[in-house]
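Same chain, two partners: chain A is paired with chain B first, then with chain C.
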Partner chain A sequence: MNTLDALRGTTPPRPHDARAIAALAANPGCARRALLDGAGIDKDAVARHLGFPAPFGQSPFAITRGNLFESLVKADGCAELLRMLRELLGLPVAEVAYHDVENVGAHLRHTHTRALIDRAAREGQDAGTLYDHPLLSLEIAGHTAYLEPDVVAFQLGGRFHIVEIKSFAVVDGQADPAAVAAAARQAAVYVLALRALLEELGHDPLKVSHEVVLVCPENFANRPVASLVDVRRQLAVLRRQLARMTTLDRLLAGLPDDVTFDLRPGEDGRPTRPVAELSDALRGATARYAPDCLSTCDMCFFCRDEARQEGSSDLLGRQVRDELGGVASVAEALGLADGERDPAEGQEEIARLLRNAERLRRECLT
Partner chain B sequence: MSLLTSLARLRALEQGIAQPVATVRHCHLSERPMVFIPLKLSGEAAAPLAAMLGTDRARPRLLVVTQPRNRDLRFAWAAELAGELLPYIEGFLADTETVERRNADPYERALDAPQLIVPNPAGVAFTRLLGRSTRFRRADGPYPVPEGVPLLGRWLTYLGERAAYPGSCLMISATEELARHWASGQSALEDANLAALLAWITTGPSDDAEDPLVWPPAGPATDPGFDAEVLAPAIESGSDERVTEALRTQLEPTWRLMWQSVDLLSGLPEAPGAGQRWEQDRGSFSGMAAHLAEGAPPQPRRDGAVAAAAKLARMERAQAAYDVQRAYDDPLIMAEYRLTGEAFAGEVIETVPDNTEGEGRSRKLRPLVVIKTDDPVRLAPGTSLGTPERRGQGAELVSAGEGLVTLKITKGMGRGKTAAPGAVPEVGERVCYTSLTGDFQGSPALPEAEATPWTHGGPPPEHVPDDEDAQEEWS
Partner chain C sequence: MSDRLDELERRIDELRAGVRRAMRARDGARARELRAELRTAERSWDALVSGEQPPPALEPPRLVTVREQVHQGLRLLGAAAQPRLIVAVSDAFFGGTIRSAQLTSLRRDEERSFRSAPHGRPYYLSAALTDRLSPARGLLTLSTWPLERRVVGPLSPRVDFLTCAIAVASQEGADGRADRLLIRMARNIPGATGGALGPPDPGRVIEAARAELRVHRERDTRDRAELARRAAAQLGDVARLFGAATLSTIAKETTMKGTINGVKAE
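For the complex of A and B:
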């Protein structure tokens, strides 16, 4: 019987963050990713060891700027944040308590967060409270993932808002839609986690607002501006995806016995596992590659290479895949277009279209 | 994307080289385009880092902000950029033609117009942001910026907005135009990488294209590894020369790719529609120049209700016209409509050139044409048709079925009792007809901006330049 711990082996685990969970929900059908994440495996290290390092990196300028902005917003017990919350939520907040949960030490943080949130929900204090660095947890496919958001939860009168601080700019009230969408997806993970916590404690989960507060720099300056973002849609998607996500136990059962994704780090921490062996083990867990993976998953180059070797039409993107109506391989689609292959049952319509398309292309190009 | 393009992508993957998806060039290419590759500082909204630009491939100009966080240097950079771009743009204003208009005064239109070519759509977006961060500045007053910077901001804003216009070529991005003409064997997402797309078109896919050490990103974002290992230490060292040379290594490869893109595109013959759209671009450009000459205020941060509605209507019309013109200009684009049954092509097998309808004075000439086609026609009797072979002609579908289509010609046969010679296709001729025609609905009448109803926020406030705009932080 495989277990997630055995899958990870001797490599130290890597905690989840909301970004990973949001991305997981974006491609819920990918068993490989679900297993790697579920087992807390450092995908970046795996990809690098396999010779397919992920194309992500963050510029030191971007990191500096992000940290600078966050510390600006949180300076003096979140004074600046409070001013914005007052304006945005129209709250008559006179005084606000500030709890930095990070100060209590990592092993106690989750318990401490629970206790604080429980008390706040129970007492419904009139005074507002800001919770910095709360440690939340979320059940993912039958396993508990801990989230360490750098966000703040704000409660007033027993009602909670998630505050998410991002360093992309809002210029004249408009921001990069992709960046906002990613922030909303992440915030939805926190809303869900906080709601789960409240429910567990016997409170009404809807005390957590579906409107999150997004704090970004305004225009070209460093001055923060807050806006409310409705994440109901993201919540619905996330909840559905998490519920639908094949349980890890079933995925585990589908793997060959004794399989492991262990990197076998040596004394210096460098992986010693033979690359061919590791990549064979990984191929045992089916991936569902899509070009979107290139911006979300550390394993993307490995899976893309695999899709290339298999001649899968996934390479060309979901749009092409959808257009081909279930013809999975490039060779199959071209065979149908050239009339060299007979359509299987249910493929008659797409085969007719492909043959027609091929005839038209030839006519126009010769 | 259509099934035809998807098939081309599959074929590209199989053959290991990009496949054409157009037979003519659907964008106008200037004889003297300005290639513009901007780079921005990571993590910032619109902090310029460098730009390589110029109209001569042998002599690129490199402009660098050697200390990217220094506000004065940033404005000095913008002033240098203005020194390059403004003379280029304004150089097109000298030679004009007078255009007569119905129901309006004639106007002067520039004979040629500027064309900015950036690597990718992100380059267009960054240019627009550069425009936004500079157009409200003032060269006088308590927070002066160098001369030319506010004007540059207004031109960049104009060009950035114009780039969103379907078919406009005043500012184009290389990856988008290349992808409009060639289908690679990778996804649309990966096509946004200029080096990768060009490799597919010229030599076949190459992993080098994604290696930032071989082909640095085409901007505006820089490679994070370069930022950490080269740029940050160079800035730290305080040596202007070191920063400049570091950035040159990131821009020069893209510079070569940009001109390679220009060469590839100019290898295709220009479609007639591209010339027509360029004429509109020239008109728009002259309009903008006249606007500036009249001392109009900078473009507002947000469009007013009336301006936004008018812009949207213009863009919708431009999109519809663009789609029709491309199909009429290019059999490979028309093939997409043939595949969906909105167009058909085939051989004329029978004609009745003197067919008429009606009696006495209302008797009209309606020549009948029967066409044999292999295309799946999905058009109802009575549908109006047009044809790329005879642009002025109008026709109507009479019946279609079993590979035969009968249509009658309704327009464009001359005024005589019989059809003008050549108006009715001959037996044996190959023809193509489509329900796609250039007849669009006119745009709705919109009130003047001053009469914007209260439901739409009332008249937009007039722009009053103030010091707050002029001193807006740019960090």
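For the complex of A and C:
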């Protein structure tokens, strides 16, 4: 852990939130991100200092819309949510008890959540059905991250369900797959945190269902509709990724001994580290850039710039990169295609495909 | 004509003095009310001086204040409610002009007014009390209600919702707005719509809501009675209406070493 602290240097650690943890699972192969997150480094500050600030974060309109929709779902003692849970999970009519954890004040929310969940797990169905504004915690590489799921629902089967309220529309039973995947990853983080909490309290962690309730607006109206999403796969990725973060030794071993990503903040908190030095240090940790990074990672513009300079095939997206397996750069692929370059061992197959593609292209053009 | 002008000038002076008094007493609601009247009087004065006859529409049938509109809405509902619902009810049945945003500072204004002159008004818009006797987030009640109706146990949000639905269904609505409100509420009560898409039958909604209420009533009444007893025993006048500050409640609980609803006080 000391090595990780040395990586961060004098800059204070930055707590993780659910989105950041979920983004980890989105690109598990990226060593740069794993190291930066493992050391709790403020990636946004690093990117800004390097001159590649990411226009990152949600748009204020999206946030307003999200909040509005959430308050609609939760209005009048979660009336809409109760209807959906009754339809979807067969929640009995008597199960309506509602606890707003936030009533205790911000500083006690986590302890109050623990007490309520503990009671629910011990006493069974009599303890309560809906817990609004709970605050969970998850240990990420030695740092505690606090997480706020939308609602935790507890129902007759004696299982907890995470409820995730999102404002993207489900039109005719179909939603944007990317948005659903992101929501599922985020919900998986909450499932993991709640399971950790139950385990800590001495209960069976499997009381938390791997099926999360996703609530979205239906069609073109604001009427909410709920569906069950299985997050087992996301849970597995996340667990593997979090385990890997605590055992970053292999990645650390690949770095030079004296490397640090420290920004060396001055008196006024502004970073004083020379930009060239920092970017050299960062290049020591290999990134696995993909265009999807633009929507999940603060470092995206830095990595994209790096990938462009190298002419890397990563720029073309994951699918192309996977098809070009073994061909690292765009120049190499072009060389193989027009035959200027002889395929190395193992590249014969892809070289043949590329040449065929080039021939077809020429035929089309002439 | 000049008589009318003199009269208006006198009225304007009075209103200005009234606004100043209200500001000094930190009574925001009263000051806003007086300012609105002042503006109307000034507009009429302008119109008279420049020789225009004020169009009859300019003289609205005495403005009903935000406070009064909320009071009307709550009286109709008869249970603790969120601003959103109060606004919808006021809009559907009283031709209300309030918006949810206007209700955010209302409780604070009421508390300030109560502190400066306790029991000086016939009613106050007060808070609902949680199981920690702190104010519940985003719920309004009337000070004239018994404490049992103003506290919220775990089942109370649902019970209050059903009570409000019954109240809305029992009310004769003038136009489509009342129907729309009822549709929205009925959708979330099992058996209230009967699968029909049109406006639900109010009788049926009342029946369905009562059926669900019967399931929750007993436990909720018990919880509320217990909370009301504690609130009456532990809270002073101000805190009984506007809720105890969270930290002091916790301190009290720790000294009592009590367990509340089985949850240990942290």
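Please note the rule applied: the second predicted complex is superposed on the first by the 216 of 366 C-alpha atoms of A that agree within 3 Å, B and C clash if a C-alpha of one lies under 4 Å from a C-alpha of the other, contacts with A are read in each partner's own complex, and residues count from 1 in each chain.
Following the convention adopted for this analysis, a residue touches a chain if its C-beta (ideal position, glycine included) is under 8 Å from a C-beta of that chain, and two chains touch if they have at least 3 such contacts.
Because the structure is a prediction, the values reported are computed rather than measured.
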{"item": "Touched partner set for A:148, first chain B, second chain C, both or neither", "value": "neither"}
{"item": "Partner chain(s) touched by A:44 [first = chain B, second = chain C, both, neither]", "value": "neither"}
{"item": "Which superposed partner A:330 touches (first chain B, second chain C, both, neither)", "value": "first"}
{"item": "Partner chain(s) touched by A:75 [first = chain B, second = chain C, both, neither]", "value": "second"}
{"item": "Touching partner for A:319 - first (chain B), second (chain C), both, neither", "value": "first"}
{"item": "First, second, both or neither for A:115, with chain B first and chain C second", "value": "second"}
{"item": "Chain touching more of chain A, residue-wise (chain B, chain C)", "value": "B"}
{"item": "Touched partner set for A:292, first chain B, second chain C, both or neither", "value": "first"}
{"item": "Which of chain B and chain C A:249 touches, first, second, both or neither", "value": "neither"}
{"item": "Overlap of chain C and chain B interfaces on chain A (superposed complexes)", "value": "none"}
{"item": "Touch list for chain A against partner chain C, complex", "value": "71, 75-80, 82-83, 86, 93-94, 96-100, 102-105, 108, 111-112, 115-116, 119, 123, 128"}
{"item": "Footprint of chain A on chain C - complex, ascending", "value": "81-82, 84-85, 130, 132, 134, 136-137, 154-158, 160-161, 164, 185, 187-188, 190, 212, 215-216, 246-247, 250, 262-264, 266"}
{"item": "Residues of chain B touching chain A in the complex", "value": "1-4, 6-11, 13-14, 20, 23, 41-47, 68, 129, 132-133, 185-190, 210, 222-225, 227-228, 232, 301-302, 331-332, 335, 338-339, 374-376, 472-475"}
{"item": "Of chain A, residues touching chain B in the complex", "value": "55, 57-66, 167-169, 171-173, 217, 219-223, 291-292, 294-295, 311, 313, 315-317, 319-320, 323-324, 330-331, 333-334, 337, 353-354, 356-361, 363-365"}
